[in-house]
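Before I ask anything, here is the structure I am working with.
For clarity, chains are labelled A, B, C and D in written order, and residue numbers in each chain start from 1.
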Amino acid sequence: MKRNAVDLNCDMGENFGLYRVFPDHKIMRYITSANLACAYHAGDPHVMRETVLLAKEHGVAVGAHVGFPDLIGFGRRRMECTPQQVKDYVTYQVGALMGFCRSAGISLQHVKPHGQMYMMAGEDRVLSEAIVEAILELDEKLILFTHRAFVTYDVAIEKGLRVINEFYGDRGARDNGVLIFKFDLNDIGGSAEAMARRIARMVKENKVVATGGKEIDLVAESVCIHSDTPGALDFFEAVHKVLQEEEIEITAVRNIVQ
Amino acid sequence: MKRNAVDLNCDMGENFGLYRVFPDHKIMRYITSANLACAYHAGDPHVMRETVLLAKEHGVAVGAHVGFPDLIGFGRRRMECTPQQVKDYVTYQVGALMGFCRSAGISLQHVKPHGQMYMMAGEDRVLSEAIVEAILELDEKLILFTHRAFVTYDVAIEKGLRVINEFYGDRGARDNGVLIFKFDLNDIGGSAEAMARRIARMVKENKVVATGGKEIDLVAESVCIHSDTPGALDFFEAVHKVLQEEEIEITAVRNIVQ
Amino acid sequence: MKRNAVDLNCDMGENFGLYRVFPDHKIMRYITSANLACAYHAGDPHVMRETVLLAKEHGVAVGAHVGFPDLIGFGRRRMECTPQQVKDYVTYQVGALMGFCRSAGISLQHVKPHGQMYMMAGEDRVLSEAIVEAILELDEKLILFTHRAFVTYDVAIEKGLRVINEFYGDRGARDNGVLIFKFDLNDIGGSAEAMARRIARMVKENKVVATGGKEIDLVAESVCIHSDTPGALDFFEAVHKVLQEEEIEITAVRNIVQ
Amino acid sequence: MKRNAVDLNCDMGENFGLYRVFPDHKIMRYITSANLACAYHAGDPHVMRETVLLAKEHGVAVGAHVGFPDLIGFGRRRMECTPQQVKDYVTYQVGALMGFCRSAGISLQHVKPHGQMYMMAGEDRVLSEAIVEAILELDEKLILFTHRAFVTYDVAIEKGLRVINEFYGDRGARDNGVLIFKFDLNDIGGSAEAMARRIARMVKENKVVATGGKEIDLVAESVCIHSDTPGALDFFEAVHKVLQEEEIEITAVRNIVQ
């Protein structure tokens, strides 16, 4: 792995119909990989097209953010679908987004399960297999985004799918390495700059300080900052400033992994 | 155009969830092109996968049957979407079906607008342009199915998209050439065999007898028989029998058009 | 409880759009309570109106069959909604069906959770409370259908909601009283008539023979026969014949409970 | 008609899922009638419950804002449903909202068609009849909101349904009386205060100045100010201030019509 480079990813394309709450236009210029909703848990075909074009305009790599068919719940509610059903939902959503990418003359870079599909697969080997197989059958050059601690990661390795570990730059971790899903600025250093320095150190030294003070080993090819994290724009600004100082290149993950 | 060959197409993949009313398993063996619903007006991702695999098993070419997002109305209700919205719906649906085709290791042959999208585009140049552009941007090798009398056909020709005329084998035509959408066995000869002979003559001589007795010139690369036409299976049987006698090859439309 | 009377209930109104697979017209004349889908897991507003009118025509009492918002999965997939969300879905669906009942000049008799909402509530006190509260707030005269063994039943009693135990007449039970969800004719006596006699005995003597041979005590105000059980129409015929012989009245559950 | 009183209505409950873009909490205190979306073109069951409770808390009368089943298009796209289909959609949506009203211990005051259902019915007698009949069958005490110039108004009068004319206080009118749907501050006096004085004069003198300078006769029991009009909150403030000065009571429309 290239040690002086990192990808910055963010969930994009989550607006729907007249509901325009997410500031994709402000965020796209800071990131290198965009996870686009595919009209299952969020987004719609119009938002998908617009967001693909916006990503293309900014030279941002596009990935499919695939979720459960649950718009009211934003894909954040557990649904007990069979592995085959989940596989079909992945194929459908990735295929649809590939359509918009083809139309825009770009190629799809990655797939990232969203919300409860991400979490459920993370601790369910069979579900992870369904997702990994769906991706491999669609295009074996696609890259899967997940957490290193999830079984999804292991399954991808076993089946020969390219996979990367994403680091939640705007979230802390406990001493045992477990991610803290609820945002707390204190967990990540208490300021945007501290957060950015934490990311820089993760990239260069593969170390992160946990909330209990312990140093954790952590290798991640991509850093995720959520667009709805309070102060997200300041965070992106700080990350760009600090990573430039540290001479760490911010580049799409396909330029980092083999 | 190859004059001793014709394609047989049928709308497939229209079942949904537990609702299994359409007998795709019985019909697939008779046809050479299947128009698959893409979960907008009918179908769902599970039905799409199953139907793509069924088509592959029978060596049937797959096309996207794209419609309005109106499951309750089965895509048969006019919806005044903007051309851009229609374009996005086509991109989304064709993309999703391409996903299932890629997974199955086959390629998508064609696109056929469904229901009111088919009809509205037929008399609306701007809507036709939206559909034709969506298809060209996705894959310029795709073939569009429409009626010769529709402006959609002209737009496809102008923009360089391959397009074929489909003949509704199970429907009559008036002396002025206008199709009669309501099924009446008397309009097509009064028996399955007569209907089949009518198709054979259309292929060989490019002539069809209208309901008023007039002979109409008609060139069509594909013949559509609807799965919900009363006696559809008998019709397919008769068509195969008669076309074999007449030494007309039944083959997917991609083998017929350049 | 009136011991020479029983209610016969069946799930109705499960067709959707053009998908007409369930034979409600054939079944309605046999039953006294109809559980109508409310366009969440099945049904649509047109089917709801038609089915309310069909029930009215046959003098059948109408109930709301409330489910998860999951049309593809027919409400049979677990969804981890919050209790408040489930409460809102019950209020919405029951309210909508009450609308059709008001329009038809009849009143709603009962509510029966469907599929996984039924099963999940059965073993979850908090979910059961949400459902019972939703019903009480809508109309405290409504009757809840559930199984006696479910915590839902206890919660209804505690909160003062009328509740009845439904007996699955077309399903067997194990010696420990647990219902066998998969249909097997041998579990219920091996013939339609035996099944009917089993029901008659349950009504008169409150006894049912389990699959292991043991006699189980069972009091149920309503008997459910599923419309998709193989041979359902024969079952209904047999039940009517045998119950008439046994002088057991078949009447809507509101005539049975206080 | 009480001439020193007027109702203020606004479309409410249009948020959906996580999408919280409409500021209902800020607006509810200014209005006396709230038109609540019913999960067809906007809103969801959770938003419906919250908004009914918010209205109750502020003593605001609740109405059903019924629309086409088109969430992506926000009910603003023409859909050619049959009159029976539209009637069923009205029954379903009004019924569902009545459910939340019953649960909250309040009664539904009115029904207002939304978007294209409002516009299409306005010039279509048969569609208007379907809507009026749906409402009458649900509850003949309900009040219909529409424009005096629409055939919907005449149909309501003919069928004996209470109906009121609503005045778009934030929109101008041409000299021929036709409403200008696009917002332009200059059309309504150039300032919030001028807009408010225009409303006060309409209430007291039944006169409105059109954009060409002509005085139009106009009697309206309710004034609508759209929550998404630029400066809506200032408008509501100004209306309250001016109407208080003019000793015009702002009260729910059920207190104004017989």
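Going forward, a residue touches a chain if its C-beta (ideal position, glycine included) is under 8 Å from a C-beta of that chain, and two chains touch if they have at least 3 such contacts.
Everything quoted here is computed from the prediction, not taken from an experiment.
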Comparison of B-C and C-D (more C-beta pairs in contact): C-D
Reference interface A-C: repeating pair among A-D, B-D or A-B with over half of contacts shared: B-D
Centre-of-Cα separation between chain D and chain C, whole angstrom: 40
Inter-chain centre distance, chain B versus chain C - centres from mean C-alpha coordinates, in Å: 43
Residues of chain A engaged with two or more neighbouring chains: 46, 72-73, 85
Touch list for chain C against partner chain D, complex: 39, 45-46, 48-49, 84-85, 88-89, 91-100, 102-103, 134, 137-139
Chain B partner contacts - residues on chain D that touch it in the complex: 69-70, 72-73, 77-81, 85, 116
Residues of chain D defined as touching chain A within the complex: 15-21, 42, 44, 46, 71-74
